[in-house]
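Labels run A, B, C, D and E following the written order; every chain starts at residue 1.
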C-alpha cells in the first residue's frame, strides 16, 4: 500500500471533523473520496499534507510516518496536492507559479542563487525543462506569461494541477477539480486524470461531488459521513450502498448519472 | 584678501536649523534671525553690506546637517556658519568646517564641548554651558546644606548628561554618597511621573531637574502634588513663566531655584524693561504673529545682535580669519535681552561667550534674583 | 528583451560613473547618499516588498551597520572597506536573530515589533555600559577615506565611485537572487504561505533568511552612510530614519529592484525641495508632496514605469482562447 | 512597599493615557483595517481646536462637544478626499499616505498654534489631589471617560447593525456592497469616529502631559503596543493592554533595568508576549483554511 | 410576463481586456432564467455587470429603471441579491454575523422570521452558528452564501453556480428550494450553472454565452433540445 490511513481523528474545539477514519490507497490506484458537505474530506487532505495535525491516529506513506512530519517535507516524500479553493500565488505568472512546484528539487540556497553559481543555473535549466513538459501536457503554454489572477477559474485549477505535477508526486491529492466545469469539460477532465495516472504511474486521491467524474475514473471509492467512513469499495457498490444514497446521493439524476 | 561669500555689498551667512522634525520648535530661532537680518538690511545693513542669511532645514538629523552644511559651504559659498542648532548636528560638521577653516559661530547648543579652542579653533559656542550651570547649582547646594541628599532627573541625551557631569565636577569623590538617585527620561516619554516617584522614595531632600519645559513643568507639578518638598533646581532651559511655571502651577513652583542669564519675556519683572521693550518692538514690527511666550524669539534676537557686533568689529576685512578673530574678541558686550550685569566676553582662549549666571528663586510671581552674578568657567 | 534591458543597465551605470567627473563635491555627496539609501531600501524591499513581512524598523539595521563601521574604524583602525564585510555579517546575524521571533507575527504585529526595535535602538546605543564602544550620546566621528594611491580623484569622487561599485554589485546580486528559485519562493510565501509550504518551501528558514539578507543589505548601506557622513550618533538613527526608508520603498515601488533608486532619490532630494517651498512648515510641504505623489501614482515610480512600458509595448490580450482540456501523446515520462 | 504601590498607581495613570489612544486605534482598525499613524497628530490638532474654542469663551463642555464634532467631520473628510481615491492602492501605499498625514498635521499644528507648551483645562479639577497626590481628580475622571468610551465602542461594534456593517466593510468590501452596505460611508464613518475618539483622548490627556504639537508622538507607540498586546480587534483588550503597558513600563524602569531601558524593556516584554500569543492577549484567533 | 431585468448591448472589460461584447438578455418578472456557457465565457462577468461590479457600457434596466453605472450597493438595495462566485464569505465573521449582514437593509424583525426559513433549508448552518465562517467547509460556505442572499429578500436573485461544491443531495435540495421560492415568493432568478440538467429543469428561459457573445437564446426547453447544448452541457 502506498498510503495507509489508520483511525485518523480531528477535532476543532467542539466540532468533530474526523472521527477515526481508516482506509488505504494502493499504488497506481485512483481512489475517489466522497461524502456530504462538511463530512471531513478536505480535513483529511489537510491531515495527510500536514496542514492539520490530526488529534489521533496515524498516516503512513510509502513507509514514512507522516503524522508529525514537517509540512514542507511532504512534497519531497511524493505528495502533491491541489486545493479546493484555489491557493495560487496571485501576483505571479503561470510559469512562476508552476516553477514553485519544482522548488523541492533544488538545493541552491541564497548565496548560490545570488551568485548564479553553476549548480544553481543547472537546477534552473532542469526546472525549466520540467516546466515545458507540464505546460504542454496541460496546454498552458499559451498563458504561461499571464498573471494567474486574470485567468478563468478552471484554468487556474489547471495551473494548480500543473504545479502539483511538476513536483513528480507519487500520490496526487485533488480537491474538487471539476468545480465550475460543464459536462463536456468534465469528460475531458476524466480523461486527463486517467492519463496522468497512466503516464506518470502515480496514485490519485480524488475528492469530488461530481458523481459523473468520480464514478468514471475511480478504481475504488470511499465515502465519509460526519467524519466516519460509511462505505468503501468499487464505484458500483458504493453508488448503490443505501447509506451512501441516504446520506449523500439522494434519489435524483446523479445517482444514475454514471 | 580672500573673502569667500563676501561682495562689496553683501555677506553670505549660513545656518542649519530644525524647521521640520522633532525639534522643529527651535525653528523659531531661525525665523527670528531671518527677520532680524532683514530689518538690519532694510536699515542699510552692516558697514554698508547687506546680510544674505541662508537658513536651511536639517530636521535635526546629523546626516542631513552634513549635506546641508556642505551645500551652504560649497554651493552657496557662505562666509561662515552661524548659530546652527543642536549638539549631534553640529558635532557632525565640526571636523569638516574646521578642516575647511570655515567659522562655526555661536552654535545653538549648551554643550560644554564648544569651547575647545585648541582642537577646534573655528568653532565657538554661545550660551553658558549646561555643565557650568550645573556646577553653580552644586556649589550652591554644598554651601547651603551640610549633608544634602541629592536627586537628579535628567534627559537621556547630551543636554541632560551635561548636568550630571557638572554636578560630578563639583562633588568629585563625594558624588556617589551625596547623589542618592539619578534617573533619566527620554524626550519622547509621555510622562515622568514614575521617575519622580522613584526619586522621592530615594529619600532625597534636594532635586535637580535637567529637563526641557514640558517635562520640567510635569516634574514641578508632580513633586508638589505628592507632597515632596525638596530644595528644587530647574535647568535654565525651563525657566519660561509662560511655558513652564504657569502650566505647572505658579503656586506649585514657589521656592524653585534656577540660574538665569537671559530675560524671560513672560516674567512680569521685565514688563517695562527697556531692553525687553526693544525686543517687543522688534517682534511687533517684524514678526507680529509670533507667540511672545516662546523663549526662542528672545534667544534668537540676542544671538543675532551678538553676531551684528562681530560683523561691525570686522569692518571691511571679512576674511574668515578676521571673522573668527573678531568673534573671539568681544569685550563686555551688552545685549538687551541678557540680565543686567551679564555680558558677552570672548578671547582667543575663551570660547564661551556667555559664562555668567545669576541664581533666582521663584516667589510665586516672578523670578527673584539673589546673590551676585556668578562666573562659571568652562571646564 | 533581456538584451535591451542589459544595455539600458550598462548605459545607466556608465552615466553614473561619468557623473563622478562632472559634479562638485557636495553633489557627489548627495549622490553617494542616494546610492546608499537605495541599497538600504532594496534591503527593506526584499523583506517587505517581496516577502510580505512589513518592517517599519529597518533604520535599526542601518544604524547597526553604521556603528559597526564607525567602531571598527575609530577603535580598531580597520580600513573603511574592510568594515563592510564585517558589518554585513553582523547585520545578517542580527537580522536572522530578529527574524526568529518575528516569524510568528504577522502583519501589524510584525510592523509594531520592528517599529519597536527602531525606537529602542537609539536608547540601547546610549546605554552607559556600551559607551566605551558607541561613544554614548556623543557618537563617533570618523575620518574620510582618501582615494587609493595612484588614482587622481578627490575624496568625494572616490567615495562616490566606491559606493557606486558596492551598490552595483549588491543590486546585481539581489536581481539574481530574486529571479531564481529562492526569489520565487520568497514571493510565493508572500502570496500564499500555506501553498508555498505545501510546495516544499520551509517557511521558517526562508523567512528568517530573507530577514537576514534584508538586514545585511540595509546594514551595508548603514556602513557606507557612516563613511560618507563621517559621523554616527544615536540621533542620526531615530525612528524617523526607518520611516524615511519606508517612504522610499513605497515611493520607489513595492517589490521592484530599480524602484529603490528612485525611492532613494526621493528621500534625499524632496526634503530639500520642501524646505525651499516653506520654512515655516517644511514638514507639511514634504508630507503634502508625499501624499500627492502616492495619490497620483499609488504604485510608485516602478509601477508607473511598468505601466508606461506596457502602453508602449502592446501586450497580448489577457483573454484566453478557450483550450480543450486534454493530454498530448508525448506526455510526462 | 509604598513605593511599589505608587509606581503601580502612576503606571495605571499613564496606562490610562495609552488606553484611551489605543481605543481610537482599535476603532480605526475595526472599521478600516488600517492603523493610522497620523491618528495621534490628528488628536493633537483636535485638542488645539478645543483650546482655541475654550479661549474664545466657550464653556468646557460646549467646546468638548464642538471639538468632537469638528474632529468627526475632519476624519470623514480626510477619508473621502484622500483615502477613497486610494481604495485600490497597495496597502503599503496607504501606510505611506498615513506617514504623509502625520508630517502634515504635526507641522501645521506647530505652525498655527506654536510649539510652546500650553496647559489645557480639565473638567474634573477639584481642590486637592487624591491618594496623597498620586492620583488627581482629572486622572480619575479621564479614566472613567476612557472606560465609558470603551463600553460604548464595545456595544457599538458587537451589538449594533451599524457596527457589524462597519466591520464587514473593512474585511470584505466587495461582499459588503453586495448586501447593500454603503462601504464608502462606513469607511468615512470609521475615520470620523476614530478622529472623534482621538479628540476625546487628546482632551483627556492634555491636562496631564500638557499640550504641544508633539504631545502624541511618544504616546502613539505605547498605545499601539497596548492595542496589540490586548488584541487589535478587541476594544476591551486594547484598554487592558494600554494599562498593562503603563504598569510594566513603570515597574521595569523603577526596579528592573533602570529608566534608560524602560521603553526597551516594555517593548521587549510585549514582543515576548506576542510571540506566544500572536494575536494579543485577548485577540480573536482568525483561522485561514484551505 | 413583463421584463424585470433587461440588458441591451452590454459590454464589459477588466482593465484593457474586453470580456463581454454587447450582449442582450432579459429576466421576466417572477421567472427563472438560466445562463449557460463554457469556462471563461463571461458568465460571471455578466452577473457582475448587473451588480455594477465591473466597468460596463450598454444599458441595463431593472424594474423600469436604468441600473447600469450605479453603485453595487444601490443595486443591491434596489432588490438584486447576488451569490457571487467564490461565495463572498465574510471569512473573519461568524456564521450568524454573515447571515445578519444578508439582511442588512431590512428591519431586524423580518430578519428573525426569515432566518428560521434559512435554517429550515440548511440545518447545517444552525449547528455552525457561532463558528468563524472562514473555517466552514466549502459546501457549507456555499450554503451560507445562498442563505445570505435569500435574507435580502430580493426581487431578483443572481446565482453564480449555486451547486458549486455542494453534495449531490444538497444540490437537488437547493434547486427544489429555489424552485419553491420562485413559486411562493415570486422571486425572479437568474442562474449561472454548469449542472445544466437541473438548471434547465427549473428555468423558463435560457441563454448560451460563448467568449463574451450570446450565441443562443430561447425557452429552456428549446435549448435543452439543441444538439450542441445537449452534447456539451447535458451529456446525452
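Keep this in mind: a residue touches a chain if its C-beta (ideal position, glycine included) is under 8 Å from a C-beta of that chain, and two chains touch if they have at least 3 such contacts.
Predicted model only: the values in this text are computed from it and were never measured.
Between chain A and chain E, the least number of touching-chain steps is 1. The chain pair C-D and the chain pair A-D differ in C-beta contact count, and the higher one is C-D.
Centres computed as Cα averages put chain A at a distance of 73 Å from chain B. Remark: chain A and chain C have CA centroids separated by 40 Å (rounded to whole angstrom). Centroid to centroid, with C-alpha atoms defining each point, chain D and chain E lie 43 Å apart. Chain D has its Cα centroid 35 Å from the Cα centroid of chain B. Counting only residues that touch two or more partner chains, chain A has 42, 51, 83-85, 87, 150-152, 154-155, 185. Along chain D, residues 103, 106-107, 110, 221, 260, 263, 288-290 each make contact with two or more other chains. Taken residue by residue, chain C touches two or more other chains at 123, 126, 194-195, 280, 282-283, 286, 318, 320, whereas all remaining positions touch fewer. Those residues of chain C that touch chain A in the shared complex are 173-174, 176-177, 180-185, 187-188, 190-192, 194-203, 209, 213, 255, 316, 318, 320-321, 323-328, 330-333.
Within the complex formed with chain D, the residues of chain B that make contact are 20, 22, 24-25, 27-28, 156, 183-186, 188-191, 193-195, 197-198, 201, 213-214, 217-218, 222, 224-227, 240, 242-244, 246-247, 290-291, 293-294. Within the complex formed with chain D, the chain E residues making contact are 51, 53, 71-73, 76-77, 81-82, 84, 88-93, 97, 100-102, 104-105, 108, 132, 134-135, 148, 152.
Contact residues on chain D toward chain E in their complex (touch as defined above): 161, 164-165, 167-168, 171-172, 174-183, 286-289. The touching residues of chain C, when paired with chain B in their complex, are 24-26, 29-30, 33, 123, 126, 136-139, 141, 143, 225, 229-231, 233-236, 238, 240-241, 268, 271-272, 274-275, 279-280, 282-283, 286.
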